[in-house]
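Please go over the structures that come below.
The same subunit A turns up in both complexes below, where it pairs with subunit B and then with subunit C.
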Partner chain A sequence: MAKFLLRRLASSIVLVAIAASLAYVLAAASLSPRSNFEGRNPPPPAAVVERELEARNLNDRTPIIERYGAWATGLVRLDFGESWDGTSVNAEMARRIGVSLRLLIIATILGSVLGVLVGAWGAVRQHRFSDHAITFASFVILSTPVFVLAVLLEIVAVGVNDATGVSVFEYTGEFTPGLEGGFWTLAVDRLQHLVLPTLTLVLAQIAIFSRYQRNAMLDVLGSDFVRTAQAKGLRRRTALLKHALRTALIPSATFFAYNFGLLLIGATFIETIFGWHGMGEWFIESVRRNDVNAVAAVSCFAAVLVLFAGLLSDLAYAVLDPRIRVGA
Partner chain B sequence: MTPAADPLVAVRGLSVTFPDRTGDVRAVRDVDYDLARGEVLGIVGESGSGKSAAALAVMGLLPAGARVEGSVRLDGEELIGLEDRALSRLRGRRIAMVFQDPLSALTPVYRIGQQVAEAVQAHNRLSRDEARSRAVELLELVGIAGARERAGAFPHELSGGMRQRVMIAMAIANDPDVLIADEPTTALDVTIQAQVLEVLRTAREATGAAMIVITHDLGVVAGFADRVAVMYAGRLVEQGGVDDVYERPRMPYTMGLLGSIPRVDESGRRPLVPIEGAPPSPAHLPPGCPFAPRCPLVFERCHEEEPALAAVGGRPQLAACHRAAEIEAGGLAPEEVYEVRSSAPAPGAERRNGRPQVLRTEDLVKHHPLLRGAVFKRQVGTVRAVDGISLTVGEGETLGLVGESGCGKTTALLEILELTRPQGGRVVVLGRDTAELDARERRALRREVQVVFQDPLASLDPRLPVSDVLAEPLRTHGVARERVEERVRELVRLVGLEHQHLSRYPQHFSGGQRQRIAIARALALEPKLVVLDEPVSALDVSIRAGVVNLLEELRERLGLSYLFVAHDLSVVRHVSDRVAVMYLGRLVEVGDVDRLYGGPAHPYTQALLSAIPVPDPRKERTRARILLPGDLPSPAEVPGGCRFHTRCPKFAALDAERRRRCLEEEPELRAVGPGQEAACHYAERLAVV
Partner chain C sequence: MSVPTEQVIGRLADQRPGGGPPLDETRVPSRWGVVLRRFLGRRLALAGLVVLAGLFVLAFVGPYLTPWTYTDKDYAAFLSGPSADHWFGTTQTGGDVYALTVRGMQKSLIIGLLVALFSTGLAAIVGSFAGYFGGWVDRTLMWMVELLLVLPAFLLVAILSPLFRGRTWLLFVVLLAAFLWMVTARIVRGMTISLREREYVLAARYMGLSGPRIIFRHILPNISSLLIIDATLNVSAAIIAETGLSYFGFGVQPPDVSLGTLIADGTTSAVTFPWLFGFAAGLLVLIVLSVNLVGDGLRDALDPTSGA
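Showing the complex of A and B:
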């Protein structure tokens, strides 16, 4: 099995390289940093523009293959180059990566765990009121775009704040700038900022996962082996948890990887809406500012995450399903 | 009811209803029975008779929507209506169950040792290690060799027979008082079935449990049960001691069932007793006696009033029939109740002499490479699916090709149907060597060789009405349009269907009718040879007989030749003139049907025949079984020398000197008497049925 995972890891690295290269080439071919200089008032002298672009490997008059070569050489040393205005992409990334990862990790864990539980529970209660309620709620959430959901939650938060007279929920930024205080004050402040964006993402995740898990669970609920477990003398609840849910988790492990891409897109919207200075927000800004190297860096980040999620789901699959472990 | 004063299990008025949008499905209706301590009760019924639902109701394991009424008492304690906690304490400890299809009945993601240990721990406070070692003991008890290592295997790594042993080990883990076995051997090959039945016997001795064995096979319970109950359309229709019920059935349905099964221990072409029609759907039961639409003794009262289960003949035997008393008084036998056509002319060797051969294979070989790897496949072995078989089918003859699953019989058949040059050896059809045909000739020859598969639903296009299904082969072979319609009408009549069936779709027919449609299609082009691949295995017993009779009749009328491939040796005995037995890609014995069944000479044939239970309790109790150890080896690792030596009981009894020959030299088919050949160095005829 270790061999299987190593092989997967190796092919993931190759895939990341390909994805990142494609992203760079696409960004370099379609974005034009030159226009940033040309738009200035007064326009800087042509030679200056040329020099500036050249220094940052952004000159569209250099053949793309050469620019790609320079970029890739940097990347091997984990240097993502500079933005068009000369700031270091690495430094900016260091500032932002934690913000995004916090959101993504919490949303992934909470979303998948709660989603699985909600889905499994819905399946067990099939055709009862609770199942219908869950189904209805998740369809509503699924059919609502993330930004609408975010705005709705904001409205609710404002309502709560007004009603209690305290700012329970914060909805701009990820902390209150200039707030002074001890560790706890700051921690509570961060938490207040964290709740709404995370909740938005988590709700969407729960909706998706629960639908999927419900179906997977329904497939095994009628299985003979669940009946066998009960015939041995296990309580129904034990049989459902230990035998049915355990088996129904296997397809969800695969689903986890597919779903991760969606999660990233959702997170991008959410960062922008709630004014979080994360990778997603940066991506949108960079595209607007024709910042080729920053766009490429965020794409790399996304590719690494997606493939990491894939690796994780392979690992989960192998742990959950002995049939492939034995067969591989 | 039964005389037992204090039954262990008393079932009264048990009914199971599945609510459904289109109306309630009454799967079990008003069932009463008792089970005494240590007794074995067989419950026999066809699919849909409610036999499994009745058992699940006793265990409290029906799906949530089912409505259960009546009473089930275990040692006086009422089980119906108990809540999950109380029931879970009884399940596994006092009543245990062995399910059909052990692959789906075992959780795929846990090791079998874990699953058995879980059964132990469900009712005992044992440490993990104690439970594990108890699990290993149990696995040993049910005959799993190397139990300690095998305990670490996952269900998919075991063969069907092994999995069923695991199920039994789980069921007896807590010394239950009652063991319910639901079709415990249904999906298994005969020799494995014999092993599993033996394990059930052992299990019963080890626990002293009373047993309920649910089956569709009257043979399985004949030698096993003390009493038997027959179920039809959700009710018990006959009940009594095995000897009484098998020898003096008093309910026409039971009579039909007994008459409809071909017997491995009876020679000659006794036509089977087919029961007309199909069992009623439990959602639409006819008024009155549910058997009335199919019963040859039906009279007015039958349609008005459902007969109650009542004693007949002063024996502890009950039958649900208005005319049971008449049947008892007249001592009627099944053949008298069901008017049976006079028997077909006797078959036999003489018929074959001088007849031309329709099919001949010489040393037919089909190997495929065994591949590993996902992207880059590399060959890691060779599957010797068919490894040199030579057989012949004469005109007007039926050759039965038998063997257990994995023996290569289906591969052999598909190779023959290809009508091309085989990988090795020769195939000669109607005097033409298939290796020498050009495309046009091959197409012409295709008309002459047709096939009927096991599962008619899979082989009939569900989007075409029957008339198109039948017309299709005619059109592709360019039969004129007016003629097509005429021929289609002939065909439906030929297979005993009605004109109005022509516009319906395959899925609207019962299994038996569908198989008739498949037969009609095969006959559309007036072939000479029909290859029948397990044509009746998927059908219920009462329907099977009708299809078997039809095949017989068509062969007589149309002068067909059959290559009849099956694993059911009873059916094969019934329909065949000659029989070829296959083991691991080779023929081990070939002979005229009565010679071969009367005195099989190859140890494998002997074991195979001795493993088949016959529906005759007295005979069954005295029969000795030749049990084969282990499972069929993989055709990728064929043992050297005689390929049967790893399981051969005769080999095991030989001295070292004589064993050497088995180990070194592969035996060829040699004559062991007139019209019989066996591939064994030490072949000797032996009567086993």
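Showing the complex of A and C:
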């Protein structure tokens, strides 16, 4: 088992390196930092532009392979280079990474756990009203893009705020700038800002996972071993949780890895809409400002997370399915 | 993938107690007849199809119903609500929201359909070649799939968006399709591997048919159910991807509009001027919802054993 995971880890590192390189080459070929200087008034002297671009390894007149070489040498020391305006990409990343990770980790945990529970519950109560209601709701949420869902929740939050006369929910930024007070005041303030963005992402996750889990669970519920488990005298709850749900979790573990890319994109929309200064928002800004090094850094971050999710799902697979543990 | 006999018999048996026409023993319904009947039996899928047809009519006939076009500006009405003159109200610059919305629907629908068609086609070819030939072809293609799955398609298309800025939107379609085929390709590969050793494929091989011929003549037709279902569900995925990219300005470029650009323009004033956001967002959700309903219905009709 450990050998299998180590092998996966090694191949993941290779894949991250290749994926980041691909992202860098594509970004370097398609984005043009030079255009950032062209719109200025008065126009900077050509020599200055050359020097500035050269200093940041962004000069499009240098062959792409040389630029890639310089970038890759930096990356080996975990140095992502500089933005086109000279700020350090690493420093910016350090500022933003926590914001994104907080959103992603909470949403992943809440979303997948609740989604699995809701889906399994729906399957057990198949054809009853609650099952129909859940299936219908998840179908509608699945068909609602995140950027619409976020705004809808924001409208509801505005309604709640107006109705209660207090601002219960905050929907810009991740905290109130310049707010003074003790630990609890700040914590409550953070929480108020956290609820809406996280809820948007969690709802979308629940919709996807519950649908998937319900189908997986229905496949298992009719099988012989669940009937046997109940026939040999296990309580219904034990039979369902220990035998049926455990088996039905295996396809969901695989799905978890597939779904993670979508979760990242969803977080990008949410950060932009709710004004969180996270990695996703940075990516959008960087593409707009032709910031090649920053774009490559966020792509690298995304690749690492996707592969990490893949490793987690392998691990879950091994825990759930004894055949894997013995086999590998 | 033939229709299980029990089902055909079941269908025939169903007709008996209804007191309908006498059972004609020699008439066995064709596969597509069975599929069609099963699909029509699903009320929600049928409703999805009807709504989708209505939305298509609205998108392509709708522009002729109003004197305004999506580029017109009414300088007498800025930010006015829905009225008899402007059915969906007007924007900050006096654009007619109805004309803009139907134009945006056209773009989103066409792009969604084309992307789904291209990406499913690509997935079918890559997946079946990898599965049929195996060996290094399989390893290379699947390695590519794995690599592209590591980087979300959204990021790649956003990075490449300057390449199609100022050029035709068809380039955008090609790019989007080029990054959305991977998951389907994996499924196709799996199914091809299970078909590869079937007798009719072996027979074709021993008759001397070339690999690509066998794939196009015998393997792909046999997984057509999966391809049809996936193509349908890919339409909704493609529409969400397109509107999402356009939302950030990485997709359809102004002066042209898509539902994504309209929603982006309306988001900041969704509470104060709801018509700027509501119509585009509502129609987008309706489109995706009805495509998903049709896809689900098709899955149930084509592949009743999937248990969904």
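Methods note: the second predicted complex is superposed on the first by the 328 of 328 C-alpha atoms of A that agree within 3 Å, B and C clash if a C-alpha of one lies under 4 Å from a C-alpha of the other, contacts with A are read in each partner's own complex, and residues count from 1 in each chain.
Please note the rule applied: a contact is a pair of C-beta atoms (placed from the backbone, for glycine too) under 8 Å apart; a residue touches a chain by one contact, two chains touch by 3 or more.
Everything numeric here is computed off the predicted structure, so don't read it as measured data.
**Student:** Applying the touch criterion given at the start, work out whether A:117 contacts subunit B, subunit C, both or neither, answering first, second, both or neither.
**Tutor:** In the superposition, A:117 touches no partner, neither subunit B nor subunit C.
**Student:** With the two structures laid over each other on chain A, which partner does A:225 touch: subunit B (first), subunit C (second), both, or neither?
**Tutor:** first
**Student:** Tell me the contact category for A:287 with respect to subunit B and subunit C: first, second, both or neither.
**Tutor:** A:287 contacts subunit C only, not subunit B.
**Student:** Name the contact category of A:233: first (subunit B only), second (subunit C only), both, or neither.
**Tutor:** first
**Student:** Mind working out whether A:16 is in touch with subunit B, subunit C, both or neither, as first, second, both or neither?
**Tutor:** Once the two structures are laid over each other on A, A:16 reaches subunit C alone.
**Student:** Please determine whether it is subunit B or subunit C that touches the greater number of subunit A residues.
**Tutor:** Of the two chains, more subunit A residues are contacted by C.
**Student:** Between subunit B (first) and subunit C (second), which, if any, makes contact with A:323: first, second, both or neither?
**Tutor:** After superposition on chain A, A:323 lies in contact with subunit B alone.
**Student:** According to the stated criteria, A:265 is in contact with first (subunit B), second (subunit C), both, or neither; which is it?
**Tutor:** It touches subunit C, and subunit B stays clear.
**Student:** Check the residue A:246 against both partner chains and state whether it touches subunit B (first), subunit C (second), both, or neither.
**Tutor:** After superposing on A, A:246 lies in contact with subunit B but is clear of subunit C.
**Student:** Once the two structures are superposed, pull the subunit A residues common to the subunit B and subunit C interfaces.
**Tutor:** none
**Student:** What residues on subunit A touch subunit C, complex-wise?
**Tutor:** 15-16, 18-19, 22-23, 26-27, 30-32, 139-140, 142-148, 151-152, 154-155, 158, 215, 218-219, 258, 261-262, 264-265, 268-269, 272-273, 283-284, 287-288, 290, 295, 298-299, 302-303, 306-307
**Student:** Taking the touch rule as given, give the residues of subunit B at its contact with subunit A in the complex, in rising order.
**Tutor:** Interface residues on the subunit B side: 56, 59, 61, 63, 84-85, 88-93, 96-97, 99, 101, 104-109, 111, 118-119, 122-123, 154, 156-157, 167, 170-171, 173-174.
**Student:** Please name which positions on subunit C make contact with subunit A in the complex.
**Tutor:** For subunit C paired with subunit A, touching residues are 146-147, 149-156, 158-163, 183, 236, 240, 243-244, 247-250, 263-264, 267, 270-271, 277, 281, 284-285, 288-289, 292-293, 307-308.
**Student:** Could you list, by residue number, the parts of subunit A that touch subunit B in their complex?
**Tutor:** 222-225, 227-236, 243, 246-247, 250, 320-323, 326
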